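Per-chain residue numbering starts at 1, and chain names A, B, C, D and E are given in the order in which the chains are listed.
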């Protein structure tokens, strides 16, 4: 029975993936892509990877979807959203089939699983959720660089602004009817999202959750509020925003340095202090991730003008 | 109970498949977005069922999905407005629009 | 250990500070970060020289649970080369990226992007973990793409987008290989992978990773993104992109083929890699001949110069690794990496000075500029000596060592590539050199500060000095080298 | 058996993404294709990590990192596409705008 | 007893979902489709949440289920009129 469920789910995922690639119209592909992320999150739930399911639901279905929707809207206004119909492309089909077959073959050629033995290490990690232990302790260097990557992408995105727009507020200037449905939604949602986001970070130490997932939920509700015109759009010149961007990575980096000075080495967490240290780092990271994601989605400063 | 929950999840997925047909068909962008909304709610329902079947922590995933689906819909409404930043409730006044309630084909 | 960590932490901290601090503090804090990171890189090289290769398990977690970092001679040498180029870039950018010249947007973004790129390069130079290398490569990609687009011109945006397209495709290919090797062996650590029990899927994993890294290194025929991207960026950014960025993916390639999975290095695979390198030498050289802009000539020459390094695979890899000529050939390729980095950065920075002086880098506009800006002309000429492989430059040492390996191993064909590539380089550098050293001046240049003119000259002199004093770097590069063979040649 | 289903789904998604990347020229399409390839790889990876007696947390952590990295790259790519469309009126690369 | 409640309630929820989907597929114009959608799936989700609630171990899980349903209702109540208006604007465009 559970095999039937998995096959049904995978059939839907594949159908949606095919529709994303093959269907005509960029907008249709974007909508399919959003549902794709959603179905994939269910797939991760089936695989028992709950933290991944959370990340996939929040990031792929949610934020990437909004990013693509907003981009499609902008492209349509620039009359660049149309595309030529898909023509049959035999070389591409051959390469794609070859890649898929090679991966399929690799699956059956895999030797018996050889996962590293974490039983001795996990109790020393300070947290009960093994995924959090890997992300924030065993492989903290990856996670630190990952937070830096988000920041680098944002600085890169800002470089795409026009020079004359540099001091403008970030993104489009959102407005909504005062007291209208959207504006009220923009007021009601943030408290709920805030509580849930904080819960995800706090719970992530022991069960499903984590800084990136919590940060994404916070970013989502902030975006709704921004779009509803409740929150004013930030400007690059505002120091508080830039400080919020670097706060999390900064705390992470400095705690790593503290590990090098006071403990066994860079990014080392003494078992006794590991739990509070991880929660502190995650809390700081969540703030920065949320701000970074919001700014990544709304885009560089824009004065709305056209290029000559 | 396990078997029923499996059947329930499969039936819900089948119902999502029907909504996917509407995403494919359109014809208007709003049709596609509405169908995506239904798929979002259906996904939340599937995750609730899976939570009962596998692990209750999946409710957190369902919650996140519900929040993010709302964001996607708001993002759609925004990107549909003329300047990409507006609110369909602002202008033009709703009275002008009465009687134009027929969908026209507009793929995007 | 402290030196190794400092090389990673300091540029990151400086980048974070440059983002958060107000505009007037940005340049001082960035320059401070550059100075400190330069010091840390040199310190790391000194400690590797005195103590041998340095290994650190981050957070105290040994692989396969945690991530190991290891600074060997090659990693530390690339670190020092990077630090020298970055310091030069910073000195040039102090003029070019001034808010009044470049505008508030560019002058805000350049410094954090440069420092983040530096941190990512240092991270890749020392990482032993395949997934950590993926994360490092992605950070390099995003910062490098942003640096290409930073000028905001339409052709820069298109070049950046094309670059991102290729780089992401390369990342995904590499990631596919990483996924397969972890699924098969339960580890991502290069040293642990070397000791694994081989399985049939390994060849696919190595092939995917190699293909991805070749795209990122812009080896022929994946080079099409490189010239437009490197020539569209502002000169200090071009210097970093051309001199440093391809070296990161190339280093991972070397680590895979020489350290992680050397037994998969079949003669056919090695011949293919070197064959593509040879085609790159020729094709890059021919296209460089056809360009009318200085930066495009220099960018196409990067395609050609990177090609030489791939000769290391048949000359020092596979069964050849145990042969007496392997050490020489391997070290020759590493000299090419270092020498090309210094010389290429010098050339782009010189081109930047010309653009600042006459507003263009067309060969017709830079005519005769050696009279007005003699130091810059001299720098370009010195850097050309390295690219040509003339004695006593680092390029000469590199080609001499590779040539010796080619003759000693009986693989004569590669010697023709070395000679032919040198002749092509002479041909494509002849035009810019005759233009710059022409008697009559085409456009009267604006004055350029003396301190700025000296920057490419110092870099070019370093690329020559590397060849003059080649015995110390030669020994340094041997530290921690895999498959130590008796030095017979 | 279920794991094999997921792994094959992942492999097929990678193939679909590769086809989309090569056959489609609109850049938003290609960004989506990149995400399809990435998520297909991750699905394969997740299935591989679930083969042992206990679920291996390391692939899960790597996948979460990968998802975030993909978002960062997508955001920059989307920004570049919009900037390209703004400066040249098309969301396709210059030499491909005429093709399919 | 709890199991029977789950069977009944989730079954009812499923019926609403399927009805909503059938409406989405069958109704001729998009405003009746929107109607089918908001009624069908939110009632369906409510019944499924209620049915699943009989299987929970703790009250926190019940609260979470209620919260999720509440959020879905709130979102649907907000988003449906907005999407409808956007659809109206869209259909007026040439």
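Here is the rule we use: a contact is a pair of C-beta atoms (placed from the backbone, for glycine too) under 8 Å apart; a residue touches a chain by one contact, two chains touch by 3 or more.
What you see is a predicted model, and the numbers here were worked out from it, not measured in a lab.
> In this assembly, which chains make contact with chain C and also with chain E?
A
> Can you give the shortest number of steps from chain A to chain D, where adjacent chains in the path must touch?
Between chain A and chain D, the shortest chain-hopping route counts 1.
> Applying the document's contact definition, name the chain pair with more C-beta pairs in contact, A-B or C-D.
Between the chain pairs A-B and C-D, A-B carries more contacts.
> Centroid from C-alpha atoms only, then distance chain B to chain D, rounded to Å. What do you get?
Here the centre of chain D sits 23 Å away from the centre of chain B.
> Using mean C-alpha positions as chain centres, tell me how far chain A is from chain E in Å, no decimals.
The computed centroid separation for chain A versus chain E comes out at 26 Å.
> From the mean C-alpha coordinate of chain B to that of chain C, what's the distance rounded to whole Å?
48
> Centre to centre, by mean C-alpha position, how many angstrom separate chain D and chain E?
Whole-Å distance between the two chain centres: 31.
> Send over the residues of chain A in touch with two or more other chains.
Where chain A meets two or more other chains at a single residue, that happens at 2, 26, 46, 48, 63, 72, 74, 81, 103, 110, 113, 115-116, 118, 138-139, 142, 146, 149, 152-153, 156-157, 160, 181-182, 185, 189, 192.
> In chain E, which residues are in touch with two or more of the other chains?
71, 74-75, 78, 81-82
> Going by the contact rule already set, what residues in chain D reach two or more other chains?
14, 42, 44, 48-49, 56, 58, 62, 65, 69, 72-73, 76, 80-81, 83, 87
> Identify every two-chain combination in which the chains touch.
Touch list across chains, by label: A-B, A-C, A-D, A-E, B-E, C-D.
> Enumerate the contact residues on chain C facing chain A in the complex.
Contact set of chain C toward chain A: 1-2, 5, 9, 12-13, 15-17, 19-20, 22, 56-61, 64-67, 103-106, 108-109, 112-113, 116, 119-120, 123, 131-132, 135-136, 138-139, 142-143, 145-146, 149-150, 152, 157, 176, 180, 183-187, 197, 199-201, 204-205.
> Which residues of chain A touch chain B once you look at their complex with the stated criterion?
That would be residues 1-2, 4-5, 8-9, 12, 15-16, 19, 23-28, 31-32, 34-35, 38-39, 41-42, 45-46, 48, 50, 53-54, 57-58, 61-63, 65-66, 69-70, 72-74, 76-77, 81, 172-177, 180-183, 185, 189, 192-193, 196, 199-200, 203, 207-209, 213, 216-217, 220-221, 223-224, 227-229, 304 of chain A.
> Of all residues in chain B, which touch chain A in the complex?
So the residues of chain B in touch with chain A come to 2-3, 6-7, 9-10, 13-14, 16-17, 20, 23-24, 26, 29, 32-33, 35-36, 39-40, 43, 46-47, 50, 54-55, 57-58, 60-61, 63-65, 67-72, 74-80, 83-87, 89-90, 107-108.
> Over in the complex, which chain E residues touch chain A? Could you list them?
71, 74-75, 78, 81-82
> What does chain A use to touch chain D in their complex?
2-3, 6-7, 10, 13-14, 17-18, 20-21, 26, 29-30, 33, 36-37, 40, 43-44, 46-49, 51-52, 55-56, 59-60, 63-64, 67-68, 71-72, 74-75, 78-81, 83-87, 89, 91-93, 95-97, 99-101, 103-104, 107, 110, 113, 115-116, 118, 130-131, 133-135, 138-139, 142-143, 146, 149-150, 152-154, 156-157, 160, 210, 212, 293, 296-297, 299-300, 306-307
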